[in-house]
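Following: one structure in structure tokens, then a few remarks.
By written order: A, B and C. Residues from 1 in each chain.
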Amino acid sequence: MPNVSNNTSQYLFNYTNVLLFLLAGIAFVFASIAFSRIMAWLLGHRKPDPIKQSTYECGELPVGTSFIRFNIRFYIVALIFIIFDVEVVALFPWAIIFKKSLALKGDAILMFAEMFVFVLILIVGLIYVWRKGDLQWVKTLGDKNVKDKE
Amino acid sequence: MTDTIFMVFAVMSIASAIAVVTWRNPVHCVLALIASFAGVAGLFYLLSAPFIAVMQIIIYAGAIIVLFLFVIMLLNLKKNEMGGDAPVQDRLFTVFLCVITVIILSIPVVATFTGTFYDQYKKTFPKPDANLGITETIGQEIFSAHALAFELISILIIAALIGAIYLAKKRQRG
Amino acid sequence: MQINWQLVIDIAKAVIVFFGILTCIPILVYAERKICAYIQDRRGPNRVGPLGLLQPVADAIKSFFKEDYTPSHVDKVLFTLAPAMAFIAPALVFAVIPFGHLMEIKGYKILPQVFDMNIGILFVLMIASLGGYGLILGGWSSNNKYSLLGGLRASAQMLSYEIAMGLAVISIIMTAGSTRMADIVGVQTQGLWGTCIPAWNIITQPIAFIVFLCTAFAETNRLPFDLAEGDSELIGGYHTEYSSMKFAMFFMGEYLAVLTMSALIVTLFLGGWYFPGITEVGNTSLLNGILSIFVFGTKVGMLVFFFIWTRWTLPRFRYDQLMKLGWKILLPLALFNIILTAILGLR
């Protein structure tokens, strides 16, 4: 195998550290859930009955199935989110080196221009979804007669 | 130590990738996919490319998987709607295809790390620069050598945005 | 065999920090109940122990011994996994937060931070992007329409505010020129305009601070952003079907999120462990280290108080208002702030 870079060894202690932190978390969560189950089994009472086991709807009998058709807006929000998430992520490397580039005036202006064009194009995208009304939660879908309250 | 961690991440990503295609419950599959991405991110981190590792999680596990989840929940297939098992010959054929794919894909990998090519590789390429994967280097590369590509990304993103929204709402409009 | 004490210290640190933040949760719960009581002109818990101080203990015992029933209609694996995820995600964020100055005792370095990661702040955003899964999977696995709606709302809300949060963080990275938490704190320890006023990011980046504060509230699902629970319309939201310790995990996860978000805001905007005149930069004595942890703790405590105060003061948003705030106000504001920061930097 090619050498998987030597500088991981300097991470190693810290690395075990963060893994340990994660393991402590996982161990704690499942140990306490298991402990509470055992305790409830030993000391608590367990009286399952069909009503208790059914879906809780404020004590009323459940109406319909649990799987409802929900608003498609949730889906569209997730779509728009991915686009802007990629944008945010692409800006991270830029943000890191921007401060260093300030030392050279010409460099910095070029850097700024690159970011500005990038952001500008995405602002156009934002304006597009905004104008199309996709950022509006309560929106008329096809029905033009219902005016937005906003 | 690094090898052990590598093995853990590698097994994790492969095992959960297998789970993604074999488990029947779509939401469980999505969860396995997150685990798979996490394993791949760990591998990237081991290769001292932490930025790519973080990217892997933020974009794939954090954003795209949420979309998958929403789609699965929107469709909300019941057990009986998901269809039964495929006929035996179909399943055998699937296994056959998988084996063939694995063999074909492993030929270049094996060839790379054995034989003369690997010797050549070791001679010509020095140890990878430790700073190669860190975010500063990536930033410097993107904004000097690949500035135009970077700007084009934004156009690609905006095209994806407009296209996705148009398709998502096509049905409702009509 | 020679014992590597540095390694022992590092491992002990991880465990101590984990149980340290775990101990903070009951304190937070007690503080919340007491403060909310006084805001509403009540006394709050005052029966268990002096001043009701043992109330969290009683709560813990109760959640351990409650009947842990799993409704028959749930997806059992995810039903258990979801609260675990909701608890672990905010805990992991704390791993990269520097909560004190480096101490050096007999040649051993003790850095009050579990993991001095090169990409610290990106790690935080990474965990934040996974934070919503606990809630949405909890909602889905409960097989209850109200839970599902709660989970969906939680995840759409977290998505919407993550963008603005990321953009606010970008302007912080721009001022620090690094993604390491220690560097971000380091920049804030310098004096501003040659005076003793520290260059805390709350002063140099006020817009980013406001944006980040709003998104922090949204990401922790606290009022005024608690639409995922929305007791008046969704029963209890994603945790409607939960009982006993599994419910307690969601509950503790929420307080843990408040704690880590406060710690994060302190690190990014309020100078971290630094306070002019109390802690010194570069002084690795034990006293300075302890003082710096104390300063950090005080700042976090004040922010936690602010979180609680807000919760019991503001009413809940409507969902369309929530989306409007996230996408139409905070997102453009954060973008504007980045461009403004760049222009001011160029000047």
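Some points to look at:
Going forward, contacts are C-beta pairs under 8 Å (C-beta built on N, C-alpha and C of every residue); 3 or more make two chains touch, one makes a residue touch a chain.
Just so we're clear, the structure is a prediction, and the values are computed from it rather than from any experiment.
The chain occupying the central position, as judged from C-alpha centroids, is A. The greatest centre-to-centre distance from chain B, using averaged C-alpha positions, is reached by C. Counting C-beta pairs in contact across A-C and across A-B shows that the higher total falls to A-C.
Per-chain Cα centroids separate chain B from chain C by 30 Å. Averaged C-alpha coordinates give centres for chain A and chain C that are 15 Å from one another.
Centroids built from CA atoms put chain B at 18 Å from chain A.
With touch defined as above, residues shared between interfaces to two or more other chains in chain B number as follows: 51, 58, 62-63, 66, 70, 73, 135. Each of residues 117, 122, 129, 148, 152, 159, 162, 179 in chain C touches at least two other chains.
The set of chain A residues that touch two or more partner chains comprises 15, 67, 70, 74, 78, 80-81, 85, 89, 92, 96-97, 100. Within the complex formed with chain A, the residues of chain B that make contact are 1-2, 5-6, 46-48, 51, 55, 58-59, 62-64, 66-67, 70-71, 73-74, 76, 78, 113, 121-122, 125, 127-128, 130, 132, 135-136, 138-140, 142-143, 147, 150-151, 153-155, 157-158, 160-162, 164-165, 168-169, 172-173.
Residue ranges on chain A touching chain B, taken from their complex, read 1-9, 12, 15, 67, 69-70, 72, 74-76, 78-83, 85-87, 89-90, 92-94, 96-97, 100, 111, 114, 117-118, 121-122, 124-125, 128-129, 132, 134, 141-142.
Residues of chain B touching chain C in their complex: 25, 27-28, 31, 34, 50-51, 54, 57-58, 61-63, 66, 69-70, 73, 134-135. Residue ranges on chain C touching chain B, taken from their complex, read 75, 77-78, 81, 117-119, 122-123, 125-126, 129-130, 132-133, 136-137, 140-141, 148, 152, 155, 159, 162, 179.
In the complex of the two chains, the chain A residues touching chain C come out as 13-18, 20-22, 24-26, 28-30, 32-33, 35-37, 39-40, 43-48, 52-58, 64-68, 70, 73-74, 77-78, 80-81, 84-85, 88-89, 91-92, 95-100, 102, 108-109, 112, 115-116, 119, 123, 126, 130, 135-138, 150.
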